[in-house]
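Chains here go by letter, A, B and C, matching the order in which they are written, and residues are numbered from 1 within each.
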């Protein structure tokens, strides 16, 4: 594909500096771009790469004198990069139509331009809407609904009656709709509590590889529009994840917790059950959330506290051996002062 | 299905208050129950839901005046709920018989009423006993034994010679019997130690989605009766998990550690190798167990210490910046006292 | 199989003490070995097992008087054990040839002695080299290259254009080459950044069950020769893992971080993005690496600090309640000293 720079500027609503007829054939990092490719510069850490780049053109947030070739100036370089990259990126592999080697149950409704690879199982009464792709090894249980243009990568499992929206991506090995972890103690043993709800995943959600999203005990576990989860994330029964929230790898959200819009959960974070995390709150990596967080809150640590306080506190943890020494020294000094004082007092009395 | 309340009372060994011929058609949460459904109330946090419920009947631990309809009084409401819910819950999907599109190796023994979906692979010399269900994508290697009425959900893998008991549930994507992580350093590289043991899973165990349970180096990794593991749990080679223990999501138990009966391991806990954790011990979420725990012990933190001490200690971590200020102030005060004392001492001497 | 002890000594380059014609038929732990099996002793913790063993022969690092049978003395007992065990270990199951029930795309190149089970999918333009085994449920996307003698266990997914070397083992359920977690904020929503790179896995690597290794944004995520990862490990886009490094279960390495040779990452460790971890560095379990680590560095804690300092500091965390009491006592003592001093001063003045 070939795109003139003026077209690039149009796509990213930027301004073209230099030869606007310059034709690019791809986009790449500063280090790897060739003379017919465009690259991008937005992070000073890559100054050295900028000096040595062989890129033919550059996306920048302000005109850069270090770079001799034509430039497209646009306020949000990362977004601009993403818009251009998607044009050049190879679209995901698709199977042409529905493979005769897939297993499609009775009473299924398959939309137009659905792509179903061999080695796919779709249980009865399920619906797969227009333009959706199911890779090999995908298993869809009965009564599942999947919207338009979604992609389920290999070995994804979606269990009974779950609902997935439009333009959703589920990466390989993820499990949607396994039973929530609900047991009641009966003497020394555990009695399973039937998990009768579902998982609902709204439009434009992206679920990472090997995620586990459990079905609700009642009602639904709900992943709202635009949520993105990284790999190996655990979402328990009846959790609600608000619109456009982000959950980084290996984090776990316990039962019935509710996250607002635009929440950011760092990697390996744990959230206990029944928490409420307000809109736009941020939880630092490896934190353990054991108290609800108001909208806009920023917390870290286990148990999680205000992020800035945590920063100051953890610096101090490394100084605890010093603290201990200082305490011991103070105690010695105070004992000496007390004994001198008593001696003085004694002497004074003697004197008197 | 329709059940009169007197029958409900019988099942949960409770007492019926009000119209014992009232017929229920389902069980649901206070918020979602309709007029022909029964709900349950055991947690005061849901008092508001109780006021507004449309449920026709109620499971309670003592007669509740807020609720006008008939009630079933039973000491353990959660257990009662679970017993009624299982009656109304839809049983898991089953395939009628053994699909012609499953691959069954030679010398396999398949019991009566086995349900094997298409896209299942069973290696030679394996045994699948009466009433067990294998969902699509399940792969059973050679020489595996699976007991009666067990359910293996989609894309579960069970490797060679592993043994699974009766009434076991393995959720989607779990791996049973992969090689233990055993290597010996030889100069700068690692030499694989053959993992020649198996995994044995006893009756009534439930294994969460995307769990990994490694085969033993020798002998067996052993998950005893009634154990329940949440999603994304890692159990290393030669670990023994005692009867009815519970392991919450994203926890990892390292090689040869032994857990007693009724142990509770919180989410994201790590246990190092060769630990012994006594009967009924509890480990708080995100803790790191680096010392064995006696029976009944309750620990938290990394490294894990007594839970109450940990609670008090972590509160103090947030106060460390204060501590630091107080230390500095004390040091200043003591310096001043010392210098005044010396001045006084000097004066006293002068006076004398 | 039967091997005389003199042959064992030769294989492990050790010295035979006692009957060198003694024939062994297997290798086992001290507790489980029978009279025709060899066992090994290198860890004093197993002294009791040594006394009671029924093993016929023993691998030891120095002659052991407690054991009456013939012994093979060799400096590195674990390595010797591993070399003998691999002789007796059953080789992994193989399918004879390429199953007619596997799906092989167009333009694939399959080497000699390739073993492809039923229920395997290989996308077009892929290459599977000599002696490699693909278990049921393995899904290979288009354009993938896999070297010689590698083993991909059940339900492994390898996505487009990824490259896997020779003698690689990928355990069940692992996902190689899913999209990196790259999004750009656009107002309140997240725009996906196309992930156009690949994953490259070099020779003699072993990848644990249910691992996730993401493809690069550009270029490659690179797992170098001899790396071993435990189960449920997350490796993000553009990460480089140096030769012979070891990553224990449930650890996560964030985007673009670079690990040197022979690095050891403990279980449940998190490494933030763009870190550099030098050759031979070690990170203790559950640590959070938020600063680069020089070669040979040993760190622990969140955020990670020098390991010895961390050991001393964490001991002190448990003493914080004591510290608090001591601080309070000191403050009281100092107040009293100050007031006595003032009184004394007053008295002194009065006296004068």
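Here, a contact is a pair of C-beta atoms (placed from the backbone, for glycine too) under 8 Å apart; a residue touches a chain by one contact, two chains touch by 3 or more.
All values derive from a computational prediction rather than experimental measurement.
Interface residue usage between chain A and chain B, two copies of one sequence, is largely distinct: under half of the residue numbers at the contact are used by both copies. The angle needed to superpose chain B on chain C by their Cα atoms is 120 degrees, rounded to the nearest 5. The geometric centre of chain A is 25 Å away from that of chain B, both derived from CA atoms.
Each of residues 119, 137, 155, 173, 210, 232, 250, 268, 286, 314, 317, 323, 327, 330, 334, 337, 341, 344, 348 in chain B touches at least two other chains. Residues of chain A touching chain C in their complex: 28-29, 32, 76, 78-79, 81-83, 85-86, 88-90, 92-93, 101, 117-119, 135-137, 153-155, 169, 171-173, 204, 206, 208-210, 226, 228, 230-232, 243-244, 246, 248-250, 261-262, 267-268, 285-286, 314, 317-318, 320-321, 323-324, 327, 330-331, 334, 337-338, 341, 344-345, 348, 352. Touching chain C in their complex are the following residues of chain B: 103, 119, 121, 123, 137, 139, 141-142, 155, 157, 159-160, 173-175, 178-179, 181, 183-186, 188-194, 196, 210, 212, 214, 217-219, 232, 234, 236, 250, 252, 254, 268, 270, 272, 286, 288, 301-303, 305, 309-310, 312-314, 316-317, 319, 323, 326-327, 330, 333-334, 337, 340-341, 344, 347-348, 351.
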